[in-house]
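Comments concern the structure below.
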Amino acid sequence: MQYTLRVYRYDPESGQPGRLVDYTVELEKGATVLDALGEIKAHQDGSLVYRRSCRSGICGSCAMKINGFNRLACETQVESLGRKPIHVEPLPGFKPIKDLVVDLEPFWNNLHRTLPWLINPNPPPTDKERPQSPEEFAWLEMPMTCILCASCTSSCPSFWADRTYLGPAALNKAFRYEFDTRDQGFGQRRDTLDNRHGLWRCHTIMNCNDCCPKHIRITEEISWLKRKVVEEKY
Amino acid sequence: MERGIGSGGAFAWFFQRISGAVLVLALLLHFWVLHYSNQGEVTFEIVAQRLATPVWKTIDLTFLVLAVIHGFWGFLMIVRDYVHSKNMRLFLVAAVWTVGLVIAVMGALTIIGFHPPLPVAPPEQLGGMVQ
Amino acid sequence: MRYKWKSGQWAFVLHRVSGVALSFYLIMHIYVVSSLYDPQNFDTVMAFLNQPLFKILEIGLLAAVVFHGLNGIRVMMIDFANATRVHAQIFWVVLAVSAVLIAVGAVPFLMHAGVLGH
Amino acid sequence: MIVHNHEVVIIGAGMAGLRAALEVSKVGDVAVLTKVYPTRSHSGAAQGGMAAALGNLDGDNWEFHMFDTVKGSDYLGDQDAIEFMCRNAPELMYEVEHMGTPFSRTPEGKIAQRRFGGHTLNFGEKPALRACYSADYTGHVVLHCLYDQCVKNSVRFYSEFQVTYLIVKDGICRGIAAWDIRNGGLHVFNTKAVLFATGGYGRVYRITSNALANTGDGLGLALRAGLPLEDMEFVQFHPTGLYRSGILMTEGARGEGAYLLNKDGERFMKRYAPTLMELAPRDLTSRSIQTEINEGRGVQSPEQQAKGEPGDAVYLDLRHLGREKLKAVLPQIFDIAENFMGIDPAKDPVPIQPTSHYSMGGIPVTIQGRVIRDAQSTEVPGLYAAGECACVSIHGANRLGCNSTLDATFHGRHVGRTIARDLPSLSYHDLPPEAMREAQAEMNWYFDRSSGTENVADIRGELQNTMQKNVAIFREEKALTAQLDIIQNLQRRFKNIHINDRNQRFNTEVMEAYELGNLLNFVETIVVGALEREECRGAHWRTDHPGRNDVEWLKHTLAYREDGKIRLDYKPVVITRFQPKERKY
């Protein structure tokens, strides 16, 4: 089956602004957008640049804006996108580096600001695990699946307006540790969360929630964090 | 992390929601009283009578204060969202607070200072002005 | 291609726009009311405001109030009742209920303005 | 050319690299290079679990674990190394938990454990509950937890750096050269110690569970620096890769009770492994599946049905587990089946086929993680390796499921400690100018290929297709010999590749070509090793030489590249507790 992909091309060294270029590719049934990009790169234009690695939806490299919506190229079947030309563009909200590749440094920096590690001043028991019930673990099952693909943060209008806003991915990480019964880091994380660039920039716009390839209900997690801050503070 | 103006936000967030909930109820009341209970007639007489009672004065004052704070905190939220230059933000925050205070005082004075002439002026005096 | 607008984005933008509109109305409202110290003045202004044009504008005001209030409830459901899973559905409910309330609420206004007869 | 000085440079940011970085960062200045971002490493794709005989649910102990690993390796694993790892696995597991990794739990709040292929109680009596898991995201959560810990320890990362050159002179490792993918330009790292944690090379095959980045870069570099590669003929095929794409469907699925069915709906494993059934080790299960397919009992795709061709898949049947359990314990499997095959695994069986998954072989190292250069275990000062790219050898001829996450984390930590111990006695050495010139010239060569005519993707595709056909689960002399010719032909064609993009920044066209060059460089060691080893052992199955031959072949292969040819040498296997026996399940 033949498909047309309208791909964003941008080369900073050329001094030209980015533009959309059409490529027509022949694809087998079940082919994904990543397969399509691979075919273009292999046989039409080797200079096309995009990030990719696992092609099975677990590494988070190939998040991009496909038909106006952030998703993983490797998980998106070309067939599901209709017969019109498929728009493939880089993640919005980040500085484009080249073609479909964007500068994710702000993303990582924001993530690291949430102190994303287990904080517990008490030494763990020797030679056994810290106990945690299945119900307590259930709180972590959703946030722990985050693959840090940046789809959510890149889809957030609040992030577009403020690049130092932690963003949904970092807040998901904060939730992951804050609601881990083994963690006692709230005192250290509070100022980052309860901040002009923290929780309160979330206006429940839901873009993060809608595009998360792992179906994490990030907005719900952010609400839990907001309530936790309010409760602990007043 | 950043401290001073712009840090925190928990109270504003929580207050917006609580005041919002109260405002929804207050608005229902306001609309009902204003537009439906008297078939939409709004006359000096009716308003004046209502405002003469301390209960209504309190209700209206609360309503006023909540509405002003809710609305102006909304503006502050927008400023925080989109204005990142420190000076500009300070200026706008100050401006929003100033206008907010002025409006709140103005409204409060109206409610408190709204002395209806007692006894209430006879309707003929107002006569033709009313539909 | 710009980013796709989904229900949450619409809700957010409509909420902001209606909120700003309501705040400006509030300023105007308080200013108008506070300038009415004597009965003469009050009723003059009220009569002026009773013109059909203002009644139509009041429908806009009603729409803003209704949507802002109902969507506010939606936001609170998301914030306090973990309604994220059904946020889109709630938005459609908010829209539907808003439409009904605005339609019902508009009738007295329009009647009063003479549009629908007295 | 920019020169950096770091006491220790770690190449690769998977479980092994990150765990080592954590250890070294306590005592010295460490930099981690990765060609992706740390959390993109393929360790994150490990699903089912991490082995440790905690005995949280049964009377498991480390000796059973050791025995299973030895037996699983078809007695080619070095037993001193296996004992060292299995004995300390529980303590490591607790450490991983203490760092904050979320684990599924038993009702008492202990780490939950599930069955996995080849893991048994009482030396083969019945399946053991040994794989500690976190739903089916185990590798993912451990990787992210280790990354988080590295962020906490302020480990310096160089993300999107492709290592292109290993500087070894006079038998001493002096540093590496790496290409800055993002900005372009060669960076040289002068070091006291280099640790390779570069992972595997599943991309040698067409059907693989591995990431596109898994091109065995570290192996190519070591071979080029004159070092040998050990046991390269042993390549694991995971029994259950998603049909055609080869995407991993965890063994944990069978650990939870999934069946394997042929086209007649028969649980055929009863004919191959009556005791353990679907939970037989991977080599045996993959061979069983391939046998079913080869003998015409494979499941046909709709196209094959239409054309009347024989099927090349079997079914992984999860239906009887029920939707609720699937969503709870195998959520990722559920999503993968849905996203990539459009199949609801609660309603329909999932077509699968064996997929290239893991390399048992790699850069030979001592138990301490120091790289050795010959059969006499002569060490290369300043060079270390851990994880899949290293061969300790724990896994021998066949790795047991959930032993790789253990191996990577365990040896990552251990080699980190070794480096920390060695560091005071190590020093910086001069960088030979000719090495730096050579490294730069190599990159210039790639950027200067606009006049070439061969297509990189086509050469890569042909390599993968032929390897899949000739050097996969079943091997025989004729096909292996033919494959050697094919590879040599591809190597010739590679000299004339065409590269369109001359841009220095983010030139992934050059990077992909570089990866292919590397693959072509070491892929011969797999074929030559397989051709010479005339026996069946673990994952290496010679149809023309049936049966295991302990008299001649109970030894490790070492492959060197010398004067453009592969030379083989051999190294004895360490046997301590368990004498080689026939392997039955």
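Order of writing sets the chain letters: A, B, C and D. Residues in each chain are counted from 1.
In the analysis below, a contact is a pair of C-beta atoms (placed from the backbone, for glycine too) under 8 Å apart; a residue touches a chain by one contact, two chains touch by 3 or more.
For clarity, every value in this text was computed on a predicted model and none was experimentally measured.
Listed by label, the chains touching chain A and chain C alike are B.
With centres computed from Cα atoms alone, the innermost chain of the structure is A. Inter-chain contacts peak for the pair A-D, counting C-beta pairs in contact. At the far end from chain C, in terms of centres built from Cα atoms, lies D.
One inter-chain figure worth recording: chain B and chain C are separated by 15 Å, centre to centre, where each centre is the mean of the chain's CA atoms. Centre-to-centre separation of chain B and chain D, using mean CA positions: 68 Å.
Each chain gets one centre point, the mean of its Cα atoms, and the points for chain C and chain D are 62 Å apart. Centre to centre, using the average C-alpha position, chain A and chain B are separated by 42 Å. For chain C, the set of residues that touch two or more other chains comprises 75, 79-80.
Touching chain pairs in this entry, ordered by label, are A-B, A-C, A-D, B-C. Residues 1-4, 6-9, 11-12, 75, 78-80, 82, 84-85, 87-88 of chain C are the ones that touch chain A when the two sit in their complex. Interface residues of chain C, counted against chain B in their complex, comprise 16, 19-20, 22-23, 26-27, 30-31, 33-34, 36, 39-40, 42-44, 46-47, 50, 65, 69, 72-73, 75-76, 79-80, 105, 108-109, 112. Interface residues of chain D facing chain A in the complex, by the touch rule stated above, are 36-37, 39-42, 44-45, 90-91, 93-94, 97-100, 102-112, 134-135, 137, 140-141, 144-145, 148-149, 151-152, 182, 209, 211-213, 244-245, 247-248, 331-332, 335-336, 339-342, 455-458, 499-501, 503, 505-509.
Interface residues of chain B facing chain C in the complex, by the touch rule stated above, are 17, 20-21, 23-24, 27, 31, 35-36, 39-40, 42-45, 47-48, 64, 67-68, 71-72, 74-75, 78, 99, 103, 106-107, 109-110, 117, 121, 125-126, 129-131. By the touch criterion given at the top, residues 11-13, 30, 32, 41-43, 45-47, 49-61, 75, 77, 97-99, 101, 104, 108, 112, 115-118, 124, 127-134, 136-137, 140-141, 144-148, 176-177, 180, 182-183 of chain A touch chain D in their complex.
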